[in-house]
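Right, one structure below, let's go through it.
Note that the chains take the letters A, B, C, D and E in the order they are written out, and that residue 1 is the start of every chain.
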Amino acid sequence: MTVLPRATPFDVAPWEIPLTPGQHVLIQFGIVVAAFALAAMALRMHAARREVGDRYRPAVHAAAAAVSVAFLSYALLFLELRSGYRFEDGMWRPGAEAAGTWAARFMDWTVSVPLLVIELIAVSALAGAAARRARAVGIAAGAGMAILGFLGAVVVGGGRSYPALLGFGLASAVCFVVLYAVIIATVLKSLPVLPAAARGPLTAAMVVLVVSWFAYPVVFGLQGLVSSGAVTTFSQVLLSATDLVAKVGFGLLVLRVARIRTAADVLAGEDVHPEGIWIDQLRQSDGVLPDGPPGALSRD
Amino acid sequence: MTVLPRATPFDVAPWEIPLTPGQHVLIQFGIVVAAFALAAMALRMHAARREVGDRYRPAVHAAAAAVSVAFLSYALLFLELRSGYRFEDGMWRPGAEAAGTWAARFMDWTVSVPLLVIELIAVSALAGAAARRARAVGIAAGAGMAILGFLGAVVVGGGRSYPALLGFGLASAVCFVVLYAVIIATVLKSLPVLPAAARGPLTAAMVVLVVSWFAYPVVFGLQGLVSSGAVTTFSQVLLSATDLVAKVGFGLLVLRVARIRTAADVLAGEDVHPEGIWIDQLRQSDGVLPDGPPGALSRD
Amino acid sequence: MTVLPRATPFDVAPWEIPLTPGQHVLIQFGIVVAAFALAAMALRMHAARREVGDRYRPAVHAAAAAVSVAFLSYALLFLELRSGYRFEDGMWRPGAEAAGTWAARFMDWTVSVPLLVIELIAVSALAGAAARRARAVGIAAGAGMAILGFLGAVVVGGGRSYPALLGFGLASAVCFVVLYAVIIATVLKSLPVLPAAARGPLTAAMVVLVVSWFAYPVVFGLQGLVSSGAVTTFSQVLLSATDLVAKVGFGLLVLRVARIRTAADVLAGEDVHPEGIWIDQLRQSDGVLPDGPPGALSRD
Amino acid sequence: MTVLPRATPFDVAPWEIPLTPGQHVLIQFGIVVAAFALAAMALRMHAARREVGDRYRPAVHAAAAAVSVAFLSYALLFLELRSGYRFEDGMWRPGAEAAGTWAARFMDWTVSVPLLVIELIAVSALAGAAARRARAVGIAAGAGMAILGFLGAVVVGGGRSYPALLGFGLASAVCFVVLYAVIIATVLKSLPVLPAAARGPLTAAMVVLVVSWFAYPVVFGLQGLVSSGAVTTFSQVLLSATDLVAKVGFGLLVLRVARIRTAADVLAGEDVHPEGIWIDQLRQSDGVLPDGPPGALSRD
Amino acid sequence: MTVLPRATPFDVAPWEIPLTPGQHVLIQFGIVVAAFALAAMALRMHAARREVGDRYRPAVHAAAAAVSVAFLSYALLFLELRSGYRFEDGMWRPGAEAAGTWAARFMDWTVSVPLLVIELIAVSALAGAAARRARAVGIAAGAGMAILGFLGAVVVGGGRSYPALLGFGLASAVCFVVLYAVIIATVLKSLPVLPAAARGPLTAAMVVLVVSWFAYPVVFGLQGLVSSGAVTTFSQVLLSATDLVAKVGFGLLVLRVARIRTAADVLAGEDVHPEGIWIDQLRQSDGVLPDGPPGALSRD
């Protein structure tokens, strides 16, 4: 581990600044707490597969994948934090691997942001070709946003180049806008069609994404403006909190929509489910098994 | 690993004191035994998902998550103990990473205490909006208690500041009181409504939480009063024992309530369950499958 | 890793003696083979949950937990063996962490011995309050035996104190006797009541425990009497073999009892099971599903 | 870790060239993102086992295995990248273990390419002996291609021998051609027989394989022609992207074929499935349970 | 890690010989490819539990355990290879831990060979006491073969003693012969009784075991005869290939027998199975559910 000393505060990347013990343990707190919450959510979503119908299950698959990938990325962040900093003369001093505490987040987003889009569309009112179209655009915009951000913030110029931050930041922002358009349009189109009980959680899910994701451009912008241990700490803790809200909170809301819609399908005779569905101990639907002979449920 | 020598016993954090081999192995014993018990409980709760009805299953999901997160945190504690202390001249001497043997516990509580509240409410008589309200308050108070405790005991002043301990300790205590109010009120409201057989274990679950959690302020207070290897060892072993009781014992009691209530729902024709429910080899209910056509179980 | 040289053979703990390459690889063989067998058994017991009725499933849960915890403890033993010994001048020489090759076993027993008691009671004829009572006594005696043994053999006097070995050994022996009484009484009370086919494996399970556990006092006693690389190796290999027999062999016998009793319950119309139960390719019972409406199986 | 300096650019293997920080982090990005996507897909395929009929489930088993193995190999690649390069004088300099960043890919392909062939055949129209024949040829050609490539690119001459690259490359190319023949013939034979809805995704799956696998000979050829940090980076990122597309994208298409065919079998009364099958929220078939007595579905 | 130089080629164990880079990477290739294939098979067998009837499921449990244990042992082999050899002066030079690359294989066989015997017997025509007898003999002979081989090849004389190799080798060979007798007798007794379709794969399973296991005495004998890097490499690669064939190939054949026999039982009204069984897309049996009331399937 080579410790990289830097002269002026405007010439360092956020991961090249020594941290006080308090700053260091706060960053670690954010990473570990987010990892724990993501692990809890991964277990929840794993079990949720049986609790929604086949129709909305792709949302649960995507949510399980998103939080599992995010958990892995937080395990990686933890590893980078431990191997990237060394305690010396009362401060935690960064080495060559400290860049990983920044880079690992972009690797996560490249995979998990598209998965969040899949989650949302899978419980929306979009079906068939419309769903496929929205999904394709959302996946491309989500992955593009993360990859372009990564190139600007970490790769080109080693995270210390204003032109790179600006250029890739603008390109990334275009993807960001497209992503917001897909999310908001999907939800707005769905609200009038969905069962009344599902509208509240779907709207909340959209708001959670749209609001919490603003943390990304804020941190991205901070990188080009100021640099100090406090800013690095603030950025890291904010990003951990954002990932927690945008993955765990969002996932629970999407799951609620999926369960309310499954219950509505059972009540409407559109689908079967082997057990009753209860939300907050209030029954939404009874268990219904398919009949023996083929074609038991009418198709039309 | 830098070994930090400290002059007077009133000027050190609990994790900055050298330990005798006996103290060190006792702390390790507490950590590993708690980890093993939590792992055993995580497996039990994973399997319990099929053993209760959909109505009470959120309790099992929360319990599975709580013990899994606690297991991860004990794995982290084990790692911190091993990388944080070095054997030299007959004593285990702490380095910069020894603070992790204290900090990792707060990271755990920030996630697991809210999960324990969710567990309890999910088997109580609270439903719908009342459940959501109690849950929101309990989650906020639980996470707040842990985060404020963390700031006072570890972050501000490096765990050696009386004002920090006092100030954050008092703020944390407010959350503590709110949390107790939520827990006790939830149980007291539920007891008259629940099936008779469920009242014993629910009361016991409440008592387990309310009594065992007193260990937290005790250890928190000790940090500001005395410091020696014996106190550090006592604190660590007490906290491991508390986590074991408050997560494993509590979880088993909540599971018992959930199974008794599921059986009561089956007997009342309120829900179905694909197999009989037995407790201590005494049958509580028979297996009942839903009928084929929708609406087989009456709703009213 | 500090290598601890000791003067006389009566003044060293078993984990403070250098080992020849042959002794070292034999100890490793015992640890790894036991770990592999426990892993195999953990998978078996995980799958067994669906293969017994709800009535006896607590036995399977306890068995799964016992072997999983034991597997974790053998992984820990492996880690301690590797980090605790260093090859130098043709011998493997112990360092400060070699004590872990002894201590980790007590950590395992503190959790797994109570789980073995739960296993046995859950397939016995004890039910309701009688089962709860026997379980409470057995758990306390089992955990007490392990904790007291740990204090005498490892903590007090660093494993080199005759008074500690003697005092804690006697206290531990009292728990040992209580444990045997619980186990034997449970089995003897059960044999007349159980289906004939279940009596053989239940008796065998008892014998396996009662005989194999004698290894524990033998090794405990050896520690105070003789010390050499051969004795350390003998003790380690014996303990690995004992754990293997008392957890894997015992667990398979308990599982057989649980399956025979489930089949007997199905034949008696006491319970349902979704598939036939076969033992050594001989059919014990057919698959039986519950009926649709509540109360399909008579209760009396 | 020994750093291997080499004289001329034509005398080094791709893993023997120092990398700039930007190149190094780009390679790591490719590896970690592919690993995350493969982990997400492994979870998806694990859950998919219940979502297709027994007839096409071998495709899901093969896909789950392929992405799980690929995930393990990317974990290994990550390990090799970290232990194989050391940061010194502003560059990441390769040591003896850097060869693993190349070798681990061939180890993956030796197992995963045959699994991809099994996947495709299991949803094709080939059945019985024809399926077994195609599978045997495809497995042999796939494993042969990877092993021969490994011998030429890594083993013989240490990756720096033109004759080895040429000789083994040609032998590997023969397997490559056979593999393409099996894949294309399988799909072309199947298209006329399959349900119309399944033809699109099956064709797309074939195209994905046939196009993306061209990356392998391209990278293999580059090794013999040019060598620089940029080429190494390009090769690594291209291979990660290829594995991602050829395993994740391909697997999702194969799963879609399997689900469409399962639904078609249910509609035709050829098979049962316990729940409805929906694709993009459009219902493909209803849930159908088998009848009680044997022979409920006609065999003819 | 101490590098052990040895004078003459007849005085070294196979793991004490320096390896060229090509030899080292070939050994690693064999280990990692076998590990990947075993991981794939462990996933396959885990899922197979639902795909065969309760009668033959012990074969699947044993197969899942055998490949999982073998996977763990290959992970251990990988670890030993990495910590046991160090690159120096153009060669990989062995240290004290290199013996583990040989010893870990015997640890695996001690557990996995008995499991393979259980697998075979569980799908054979042996039932009841005959099955228990054959199983007991097979387990004892399998474990004995591995333990005696381990003592002769690794423990006694440090793997460099002709008398040890010869003496323990002969004792191990006796077990080997008994094992072959059990396997061949079991299969020959079963062939006339089994459904015709199951005879092919059962015979093939036997042949796979009987032929591939010849690699063990070959490698064992080589150890006493010649020693060079090429021989060590040949032995390691051969053993990896053997384990792959004897565990993965054998397991797939046993699974095929178990599925064909389950289908035959369903057709004969001897057992039920909740879904149809298909092999290579050809239907073997339909799904059949048990009836509601007890005793639905006739027993006689």
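Here is the rule we use: a contact is a pair of C-beta atoms (placed from the backbone, for glycine too) under 8 Å apart; a residue touches a chain by one contact, two chains touch by 3 or more.
The chain lineup, named per UniProt: A, B, C, D, E = Bacteriorhodopsin.
Computed from a predicted model, the values in this text were never measured in an experiment.
Asks: From chain C (Bacteriorhodopsin), how many touching-chain steps at minimum until you land on chain D (Bacteriorhodopsin)?
Replies: So the least number of steps between the two chains is 2.
Asks: Treat touching chains as neighbours and tell me the shortest step distance from chain A (Bacteriorhodopsin) to chain C (Bacteriorhodopsin).
Replies: Graph distance in the chain contact network comes out at 2.
Asks: What is the distance in Å between the mean C-alpha positions of chain B (Bacteriorhodopsin) and chain D (Bacteriorhodopsin)?
Replies: A distance of 43 Å separates the two centres.
Asks: From the mean C-alpha coordinate of chain D (Bacteriorhodopsin) to that of chain E (Bacteriorhodopsin), what's the distance rounded to whole Å?
Replies: The separation of the two C-alpha centroids amounts to 27 Å.
Asks: Two-or-more-chain contact residues of chain E (Bacteriorhodopsin), please, as numbers and ranges.
Replies: 272, 274, 289-292, 296
Asks: If every chain is a node and each touching pair gets an edge, what shape is that graph: line, ring, star, complete or other?
Replies: Contact map by chain: ring.
Asks: Going by the defined touches, start at chain B (Bacteriorhodopsin), step to chain C (Bacteriorhodopsin), and keep going round the ring. Which chains appear, in sequence?
Replies: Moving from chain B (Bacteriorhodopsin) on to chain C (Bacteriorhodopsin) and continuing, the chains are B, C, E, D, A.
Asks: Which residues, counting only chain D (Bacteriorhodopsin), touch chain E (Bacteriorhodopsin) once they are in their complex?
Replies: 2, 46, 49, 53-57, 61, 64-66, 68-69, 72-73, 76, 95-97, 99-100, 103-104, 106-108, 110-112, 115, 122, 126-129, 131-132, 150, 154-156, 158, 270-272, 274, 289-297, 299
Asks: Once bound in the complex, which stretches of chain B (Bacteriorhodopsin) touch chain C (Bacteriorhodopsin)?
Replies: Residues 21-22, 25-26, 28-29, 32-33, 35-37, 39-41, 43-44, 47, 51, 87-88, 266-267, 269, 272, 274-278, 280-283, 286-292, 296.
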